[in-house]
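Quick one: this structure, given as C-alpha cells, is what I'll be asking you about.
Chains here go by letter, A, B and C, matching the order in which they are written, and residues are numbered from 1 within each.
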C-alpha cells in the first residue's frame, strides 16, 4: 500500500508534463491582447484569429487565442477569470451568452482591462464597445433579397433554419427578416416556418429534411448560420431537390464551395471573419494606448481597413461597424480559401 | 479501486452487485486517499506558484473559487447517492429547469425571493420524482435520470424559449457575486462550506449516514436488517433535487441572468469530482472530506492550467487522465506486487500485442495528421 | 437490482419478448398518432429518412447493448466516433483515390484500437467502466482537437466515392441501411449462436457463477469494449460519409442516445438481459420521436421535453409490462 503515494506522484508528474508540453509560450512584449472565440475548433473563429495575428504583427503586440472547449457560458467565464488573473492588456470576446458575461466583463473593466466584444455581443455594461460585423438590418435584408433572387419574381414559400434558440444574433436577424418581409416588394415571399438546428450538423440536417416534407412546395431555406447552411445544402443535394429548393444564408466559402457549384446554394453572404478579428485587435490597441476612450463620435484608423467612427445606437450601445456583408457566388468563390 | 480482497490475485473485480467488503479496510484506505489528495493539492499549488506569478493572489483565487461552487453544491448530494450505489444524471438539467422557472416567474413580475423559493420547491419535487421512480418503481437510477436529464432540460426550454431572464436585483445577485463583508471570501464559497460540514456530519455521524453505506454495500442485506431502503432512496434523490435547485439559484445569481441552457453538461463534472474524491462508484465507500478536497484539486488544477493558457480541450484530457490513473495505477501496482504472481506466457503475448497496436495507432495518428496539416 | 436469484433463461426470454411487444405497440400507437396529424409521415421518402437516421444509432447502440449486458457502460463512443471520423476524413482528403472498402476497414481498426484501450483499462486495470469511459470521453475528444488543430474537413475535400458509401443505392436501399442490417444480423448470430456470445450474458447476469463455469471474465469484458470501439469506428466512417464532413464536435453528446436506445430497447442496466431486436426497436423508437416531433409541428422548445418524457414513459410502461409478466 505504501506504493500508492509513489504512484500518485508518478501519475501527477505524467499529467503535468503532458499539460506543460501542450502549453503555449509565456506572453512577452509590451502589450498582450487575447482573442476569445465562442469555442475552439471552429474554422470561422480560427479565420478571425488569422486576421487578429496579422493586426498583431502590424502593431507589434502579442495576441493569444484562447477559448473554452465547448460553446458554453460557464466555461467561458472560467476562462475569462483566468485571463483577468493574468492581467492581460485587453480582451476581445465573442460571447456565448450576452447577459451571463456581463458580471465578469465588469470585473475585467474594474481591473483595468479594456473589454470589447466581437461577433456576438456582451450586454452593454459588460464591455466598452462592440465590434459589429454588419448592421443587423443589412444582414436580415440581404438574406431576404437573396431569397427573392432565388425564387424569382413569382416568390414562394421560404423557411428559416436557425442555430440555437438562445443565440442573440440569430434572433435579432430573424426579427429583421420578418420586418423586411412586410415590404411590398417581398409580398410574394411567404415565411412558413422557423426551425432550430442548434448549430449541430446532424440536427440541422434532420430539421432541413423535415422542412421538405412539411412543405413540399418549399422554395428557399434561409440559414443564417454557417453550420445550418452547409447541412441544409447537403440535405437538398441528398434529397435530389437541387433546382427545386435553394439554400441561402450565412456560410463560409470552404464549406459551401461544393454546393455553390452544384447549384444547391447558388449564393450566400458573410462578412470576412478575418477582417473582424483584425479590426478587434486594432480597437483594443487604440483603447489600451488611450487613443480612444470608447465614446461615440471618436475616429481611429485600423490599418488596411481604413478609418472608422465609433457610433452608438439603442440596441447595441457603443459599437464599431465592420462594413457591409459580402455576397459569395459561383463567380467569385474560388478567390477565397478559408 | 478494487477492494484489496482477502484472496490475493483474485481476478474478479468488484462488480456493481456488491460483494460485502470488510468495512475496516475501507476506513483505513480512504483516510489514506484523502492524504493523497492533500498531497496532490500541495503539489499543484507549488507547481502553479512556480510557473505563474498570478497564481497565489488572494483576489484571483477568490474570483476563481466561485466558479466551482455550483458544481460543489450538487456534488454534496451526489456523494450520498453514489455511496448507495446510485447515480443522478439529471442534476444539471434540474438546475437549468429551476433557474429558468425562477427567471420565468421573475419576468412575469413575481418578487425575486418568492420566485427563488418556488424554484427550490420545484427542484425538490423534481428530485422526489426521480427518487420515487427509482425506489418505488424499482427502476435503475441511471435509466430514470437519463430520462429526466432530457425532460427537465426540455422544461427549461419550454419556460424561457429563446428569451433570457435578466435584471435580477442586486440583493439577489449577491448570492452568486457577493463577498462576505470586509473579506475576499465569496458568499457562495461560505454557503458551500457550511453545507459541506452539514452533509459531512450527516454522512459520518448519523444513523442515516450509516444506512447509506449499508445500502451501498449490500442492498438486499440492508432490506432484511430493517433499513428503510426505499424511503432513504426517495430522501436522497429529493435532497439532490433541492441542491440542484440551490445551485441553480447561485449560478443564475452569478450570471445575473438565466437562459435555458444554463449549467449544461455540469453533471459529468460533478460525478468526476465525487469519484476523484474517492467515492466508490459501485457504492459503499467514500468520505465527504475526500470529495471536497477533490473539488478543490480540480478547481486549482483548472485555474492553474488556465493561467498557463492551456487550451480547454487539453484541460479536459488532463482531468480525464487524472481520473483514470488515480484508480488504474494503484490497481496495477497491486496486481504486480501481489504475492509475486509471475507473468504467464500468454499474458505476456497479450501485453506485447497491445503495445504493438498502441504504437501503431500513435504512429498512424501523427503520420496522417502531418500529411494534411503541413501543406 | 441484485442478480443473486437470476431467473432461468426461458423466463428471461419470455420477459424480453414481452418488452419487445410493449415497445412495438408503443411505436405503432405513436406512428398512428403522428400519421393522423402529418400525412407526410407515411411516405416512402420519410421511411427512408428514418431508416437512414437510425442506421448509425443502431450500430453503436447494439455495441453499447453488449457492453451493458456485461454490466458495464461505454460513455466514450461519441468521442471515438469523433476521433475516427476526423482521422478517416484526413486520410480521404490526402489520398482521395484510396479504395472505399479499405477506408471502412481502417476506420474499424482505428476504433478497435481505441476500444481496446478502454477494454484493457476496464478488464485488466479493474477501473469501473463508467469512470474509465468518462475519462476517455474527454481524452478522445481532446485528441480530436489536437489531431485536427481545429480544422474541419468539408464536403468539397472528400471524394465522391466516399460520400456514396453511405448514400448510394445499388441494392435498392441506401448502403448505410444495408450495412446496419448486416451488422445487426452478425451481432444477433454472435450473441445467440456462439459460445463467446453466450458468455457475454453469463458474465453480466452472474459474474461469480460465470467465473466458476470457467469463463474468462476479463477476456469477455475486454472483448465487448473492443467491439464497441470497432462499431464506433464503423459508425464514424458512415458518419463522415453521410454528413460529408468531419468537425471537432462530430457526434458530441451521442453517447447518451446510444445508452437510451439500448435501455429503451429493454437492455437491463444491471446486466445479463437484452436482445438485438429489442435494441433495434429502441433505436427505431428514438428515431421515430426525432423524426415525428418536427413533422407534427411541435414547437422546437417542446421537443427536448417531449423526448425525455417519451423515454420515461417507454421505460415505465415497459417495466410495468415486465412486472406483470413476471407476476403471472
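Convention: contacts are C-beta pairs under 8 Å (C-beta built on N, C-alpha and C of every residue); 3 or more make two chains touch, one makes a residue touch a chain.
As the structure is a computational prediction, the values presented were derived from the model and not from experiment.
Put simply, the chain farthest from subunit B by mean CA position is A.
Of the two chain pairs considered here, A-B and A-C, the higher C-beta contact count falls to A-B. Averaged C-alpha coordinates put the centre of subunit B at 26 Å from the centre of subunit C. Taking each chain's centre as the average of its CA atoms, subunit A and subunit C sit 33 Å apart. In subunit B, 157, 161-162, 311, 313-314, 316-317, 321 are the positions where the chain touches two or more neighbouring chains simultaneously.
Among the residues of subunit A, those touching two or more other chains are numbered 22, 40-41, 69-70, 165. For subunit C, residues touching at least two other chains, in rising order: 141-142, 145-146, 148, 151, 301. Residues 4, 29, 32, 36, 39-40, 43-44, 47, 52, 54, 57, 60, 63-64, 67, 157, 161-162, 164, 166, 173, 177, 251, 254-257, 259-266, 302-303, 305-318, 321-322, 325-326, 329-330, 333, 337 of subunit B are the ones touching subunit A in the complex.
Of all residues in subunit C, only 1-4, 71, 73, 87, 90-91, 93-94, 110, 113-114, 116-117, 120-121, 123, 125-128, 130-132, 134-139, 141-143, 145-149, 151, 207-208, 211, 217-218, 256, 259-260, 263, 268-271, 301-309, 311-312, 315-316, 319 touch subunit B in the complex they form.
Put simply, subunit B touches subunit C in their complex at residues 1-2, 11-17, 85, 87, 133, 137-140, 142-144, 146-155, 157-158, 161-162, 219-220, 268, 271-272, 275, 281-282, 311, 313-314, 316-317, 319-321, 323-324, 327-328, 331-332, 354, 357-358, 360-361, 364-365, 368-369, 371-373. For subunit C in complex with subunit A, the residues that touch the partner chain are 38, 40-41, 43, 45-46, 49, 53, 141-142, 144-146, 148, 150-152, 154-156, 167, 243-245, 247-250, 252, 290-291, 294-295, 297, 300-301.
Subunit A makes touch with subunit C in their complex at residues 22, 40-43, 46, 69-70, 165, 193, 195-196, 200-202, 205-207, 209-210, 213-214, 216, 230-231, 234, 238-239, 254-255, 257-259.
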